[in-house]
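Let me begin by handing over the structure; questions about it come next.
Letters are used for the chains, namely A, B, C, D and E, taken in the order the chains are written, and counting of residues starts over at 1 for each.
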C-alpha cells in the first residue's frame, strides 16, 4: 500500500507517457498518432504536478488574507503545466489542420503510405 | 483515498491503452477525452485546482471538439 | 515484431526513469523557489492565488511566450487551411438545421457561459482559474453556438482585432513597466491594493483579462477555421 | 543604455499589431518584418561594447534570478541574436518579392514570430522559458514549412511536427526531472547546484533534454525531419531553418551540456556524435539529385562539424565552431536563397534542371558558387578561417583519438567538395535551355549582402575572432556565468 | 609597399579588371591582357637576385602572413610569368571564336596570380591560401570546354581537395607544434623535431604535392585534365601549374624540414622517405611513358609524357645531392619550356584543323605549317634529351647523379623511360607532320602570327638553354646552395665535376661537324629521285589517294605485347572507390525511410540506447 501511496501518480504519469510514445511508434494512422501525442502531453503534465506535490499540502491559494502560510504544494509546476497545456492544444490544433490538408492531398491518413519524401 | 486514486489511474491507463486497439477513431478520441478527464481529477487530488480547470476545459472539452471536427473532415475508421 | 521491439525500448527508458525518480521521492520534495513564492507571493504581487502570482507575476515572461505560442498556432492553422483553400472551388455543404429546443437552449446558455468565463479570468488573482481557463470557457461557449445554432458565425475581423489588441495590451503593459516601473520589463507599476479584493494585485488583472480575451478569441478562431474547413 | 528585452518585446508587439496594420494598409505589412529586424540588428550592434565589458543580466518583472526569469545577454547570446537579426533581415528583404502567393500577411507574422522565438531561446536564462520560446520557434516553423500547402510541404510538415512534438515532450520531461531534483529552473542556479547531486542521477534528465533539443538541432539519429522539411519549405524558410533554427537548437544543447551541466566526461561522446552526424550528412548529400535536399543534408553535416568543434570544449575549437556556425548561417542562407530563384525559374529541383543556369542567371549562379566555395572551406571565403580554427584547436589537444576524428573531418570536406562542385559544373559547364532573366531587385540585394559578408569574413576574420573568443569563454566558463546571474 | 606586394596587387587586380574590360570591349580586353602579362614579366625580371621578406597582412587571427623572395621563388615566378604571357599571346587568336572569353582570360590571370602567390609566400598559411585559389580557379578553367571536360574537372578538383586537405592538416600541425607558420622560422625550429614527426610532415605534404605533380599512384587526374582543358591553358597547366608540386616538394624537403643537413646520415628517416620517393619517381617515369605510347590523342600523349617527365624531376630532387637537385630543378624549367611548346604546336594544329587531335587522322602537315613543325621537332628533341637541347643537360645531370650515387636500377629505369619517350614522340611527330596529307587539309593555312611568336620564342629558348646551360644553372646553383648543399662548379658552357664534365660547346662543335659531313655526303653522292608519296607497291591493289597511312597501327606488335600490362590500374582503383562511396552513400540515406514512425523510433532508440549503456556500464 505504501508503494502505491508513494508511486501511483508517477506510475500514472509515466504510464501515460510511455503509452503515448507506444502509440506514436506502432500506430500508423495519423489521427491515432496525434492522440498518442496528446496522451503523452497529459502524462507529462501529470508528472510535473506530481513532482510539485507536498504530502498533506493544500492548494496554493490564500482564501482569506488572514491565513498564514501553511503547508502548501509547490505552485511552480502548476504554473508550468498551465503553460504546457496551452502549448499542447496549440500543437494539436496545428497537427489536426495539417491532417485535414494531408487527407485532402493523399486521400489517406496511413503514414506508411505517405512516403513521397524519403532518402 | 489511495484506492480511489489507484482505481482512477487504472481506468485512465486502460483508456489510454484502448486507444491502441480501437478501429473506430471516434472511440479513440473519446478514450483520450476520458484520459484527460481522469487526469484532471488527479490534478484536483494533487491540490492543483487551476490546472484541473484548465485540463478539464481545454484538454477534455476543446481538444475533443477539435478532434471531432477533424474526424468529420477525414475518415472515421482506421484503415 | 515492431511493437515488441518498441516495448523493449520503452521498458529500458522506463527503467532509466525509475532509477532517476528514486531520487525525487513523491510528496516530500520542497523547492526553495516554491517556498519563497508561497511566503512572499502575496507581498510581492498582491495576488492571493499563488499560482496566478507565479503565472502572471514571477513568470509572466513565460506567459507572454505561451500566449505567443497559441497565437502562432492560430495563425499557422489559418495559413495552412488558407493555402490549400485557394486552389479548390468553394462548395457549400447543406447543414441540417438544429432543432428548436437545441437552438433556444444554446442561445440562452451562450451569454451565461460567456459571463462565467469572464468571471473566471477577472478573478484569476483571487480564486482558482485565470486567463487560460476563462479563455477556454469562452471558446467553448462559441463552440456550443457553432454546434447548436449552426448558422451563427463570429465576425473574423472582430476576433482578429480582439486577438491583436489584447496581445498588444500585454506587451504594452510590459513595456510600460519597463518605462516607469523600475526599469524592468513586465514589472508591476500599479498599486497593489488590498489583498483579496477585485481591484488589487497591480497589473495582474489587466494581463489576465488580456490573456483571457486573447485565448478566447484565438481558440474561437481556431475552431471557426476548422469548422469552416469542414463545410 | 538600451534594454535587450526590446529584442524580444518589440518584434512580438509588432507581430501582434500586424492584423491591425493590415486592416489599415495592405502594403505596409510586408515591411513590418524588415523594420522589426532592422531595429533588432541596430540594437544588437549598439549592445556590443557593453556586453563585451560585462554580460548584461535582465531580471524580468524585477524579481531577482532564482525567483524570476532572467535574460542573460552575454557575448554568445548577443552573437546569436545579432546573427538571427542579420539573417532574418536579409531573408525578409528577399521574401518581399519571393513570397507572392498564399496568405502573405500570415507568412510575415509567422516569420517574425519564428525569429522572435529564436531570439528568446538564445537570450533566456531560464529552462522552462527556453522551452516556451523553443515551442514558438518550432510551431512557427511547422506552419511555415507547410506554407505553400502542396503535397510535399504538408507531408514534411506533419512529419516534422510529430518528431518535434515528441522531442519537446522529452525536453519537458527532462525539465520536470531537473525541477524535481534541484527545485529551481534558473540555469545559473542549477549550474551552481549541480555538484551537490550525484552524477549518475543527472544522466537521464540530461539525455532526455539533449534528445529533445537534439531533434531540433539535427544531431544524427534525431534529424530525420530535416531533409524533408528543408527541401519542401519555401526557399526563404529553408534558409532560415538551416541558418537559424538548427543553430539555435545547437546553442540550446551546448548551453545545457556545457554551462548548465558542465560535466566533462561526456564531451568526447558528443565529439563522436558530431563526427557521425557530419559523415552521414555529407554522404547522404553526396547521393542526392535534388538540390534542396542536398543542401539540407549538407546542413546536417555542417551541424555535425560545429557540434564536434563545440564538444572539444577548448577556447580555440569553440571559437572555430562558432565561426563555422556564422559561416554556415550566411553561406547556407545564400545557397538556399540563390537556389530558390533558380528553382523558381527552372521549375524543378533536380540538379540536372539547373544546367546552364550560369548563362541565364549569372548573378544568382555566382551567389551559389560563392556560397558553395565558402561552405567547402576554400579560401578566401568565410568557411576557411572556421575550418582552420577548428582543426588547429583539435590538433592542439594532442590526443590520438581526436587526431583521427580530424582526419574524418577533412575526409568529409572532400565529399562535400565533390557534390558542391558537381552542382557548380552543372551551372556553368553544361548546356541548358531557357531565357535569360534576372532575379528581382530585392532578392539580388539580399544575395549581394550575403556575398559581401562572406568575402569580408574570409579576408578579415579577425573582425569577428575577438568577439567569438569572448563568446566561447561565455559558453565554457561556467563559474562566471553563475556569478554574473546570481550576484 | 615592396615589389612583391605591388606584383601580387597587379596580378590579382588584373583579374577583376580583365573581366570588367571584357564587358566593355573585347579588343580592349585583349590589349590589356597582353600588357598585364608583360608587366608581370617585367616586374618579376626586375626582382632578379633579390632576397627578402615582408609581412603584408595580419588580419587572419593575427597570424602574420608574409611574402618572401629568394632564388627559388624568383625562378619559378619568372617561368610562370613568361609562360603565362606566352599563353595569353597564344590565346588571342586561339580563343577568339569561343564564348565566355572574358571569363577565360580572368581565370587564366587568376591561376597565374595564384601561382605567383604560392611561390612568393613566406609562410605556409598564405601558401595554402594561394594554393587553394590556384586550385579552384584551375578547376573552373579545366571544365571550360564542356562535354567530357566536365568529368575531367570534377576528377581534378576531387583529387585537388584531397591534396589540400592533407596540406591543411600538415600546416596546422606545424602551427600547433611551433606556433608559427613562417617558413624561415620553421626551418630553424624543425631541426629539433623528432624523426617520426619529420616523416609525418614529409608524407602528409608529399600527398598534397604528389597529387599536384602527379606522382605515380596519385596521377590519375592529369591525363583527362590536360586533354580536355583549352589547349593554351593545357600548356600552362602542364608547364607550371603541375610543377608547383615540385616547388612544394623542394620547399618542404629542403627548406621546411631542411633535409640537406642530414639526408645522407645513416639512420635518417628522411633519407628513407627520399628513397621511396625516388622509386616512385622511377615508376612514374617508366609506366606513363609506355602508356603514352599507346595513345592516339595528341594531347593525351603529351599529358602522359607530362607525368613521365615529372618522374625525372622527382628522381633528381629525391636523390638529394647537389647535382641531382639542380638537375631536378633544371629539368622542371626545361620541361616547362618544351611541353608548353609542344602543346602550343598541337593547339596551332587544332586551331587550323578545327579541333582535330586524333593522331591517326592527321598527317603531312609539315609543308602546311612549318613553324608548328619546327616547334614540335625541337619540343620532342628536348623531351627526349637530344644533345644541344635543354632536356639533354638536365637529364645528363640526373643520370650522372644516379650513376655516381650508385643507383643502377634507378638509372636503368630512367634510361628505359628515355627509350620509351623516343618511340612514342616519334609517332607523335610522324603522324602529325609526316606521311600523307589528308585531302580535307589540302588548303589549310599557316597559323597566325601571335601563335607563331610563342612557338618561335620557345624553340629558340630550347636551343639557347641547350647550348648555354650556364645561364639558368647559375640561378639554380644559388637555390641549391641556399638549401645547404655544396656549390656546383658551373661555367657558361656546362658543368665541371670531378668525374666527367659536360661541355656543350664541344658537343656543339662535334655535332655541327657531323652534320656538315652528313650533308656533304648526301649532297655530293646524291642518287635519289623524288617519287610521289602514294607511288607505292601495295600488293597489286591501288593505294587510296586520299588516305594512305602506314602509321595507323604504329608499333602494333609492340602494343600487343605490352598493352595488357599498361592498364591504368590506379585510375580503375580510384573509380572503384568513387563508385563504392556512391553505393555506400546511397545505402546510408536509406535510413531515412519516409515513414515517420521509424523516425520517432530513432529518437526512442537513441535515448534507450544511452540509458541502457549508462545503466549497464555506468561510464558517466
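The criterion applied here is as follows: contacts are C-beta pairs under 8 Å (C-beta built on N, C-alpha and C of every residue); 3 or more make two chains touch, one makes a residue touch a chain.
From a predicted model like this one, the values you see are computed outputs, not experimental measurements.
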Chains in simultaneous contact with chain D and chain E: A, C
Selected pair, greater C-beta contact count between A-D and C-E: A-D
Farthest-lying chain, centroid of Cα atoms versus that of chain E: B
Nearest-to-centre chain - CA centroid comparison: D
Centre distance in Å when chain A and chain B are each reduced to the mean of their C-alpha atoms: 10
Intercentroid distance (Cα basis), chain D paired with chain B, Å: 37
Centre-of-Cα separation between chain D and chain C, whole angstrom: 30
Rounded Å distance between chain B and chain E, as computed from the means of their C-alpha atoms: 76
Per-residue multi-chain contacts in chain D, two or more chains: 128, 132, 135, 139, 142-143, 146, 149, 154, 157-159, 162, 166, 179-180, 185, 203-204, 207, 227, 284, 287
For chain E, residues that touch 2 or more chains besides their own: 589, 592, 596-597, 600-601, 604-605, 607, 611, 614
Two or more partner chains touched - positions in chain B: 48-50, 54, 58, 62, 66, 69-70, 73
Every chain pair in contact, whichever chains are involved: A-B, A-C, A-D, A-E, B-C, C-D, C-E, D-E
Sites on chain B touched by chain C in the complex: 48-50, 52-54, 57-58, 61-62, 65-66, 69-70, 72-73
Residues of chain E that touch chain A when the two form their complex: 589-590, 592-597, 600-601, 604
Touching residues (chain side chain A, partner chain B) in the complex: 1, 4-5, 8-9, 11-12, 15-16, 19-20, 22-23, 26-27, 29, 31-32, 34-36, 38-39, 42, 45-46, 49-50, 52-53, 57-61, 72-73, 78, 81-82, 85-86, 88-89, 92-93, 96-97, 99-100, 103, 108-110
Chain A residues within the chain E interface of the complex: 21, 24-28, 33, 111-112, 114-119
Complex interface listing, chain C residues touching chain A: 2-3, 6-7, 10, 13-14, 17, 21, 24-31, 33-34, 37-39, 41-42, 48-51, 53-55, 59, 62-63, 65-66, 69-70, 72-74, 76-77, 80-81, 84, 88, 127-128, 130, 132, 194-196, 215, 219, 222, 225-226, 229-230
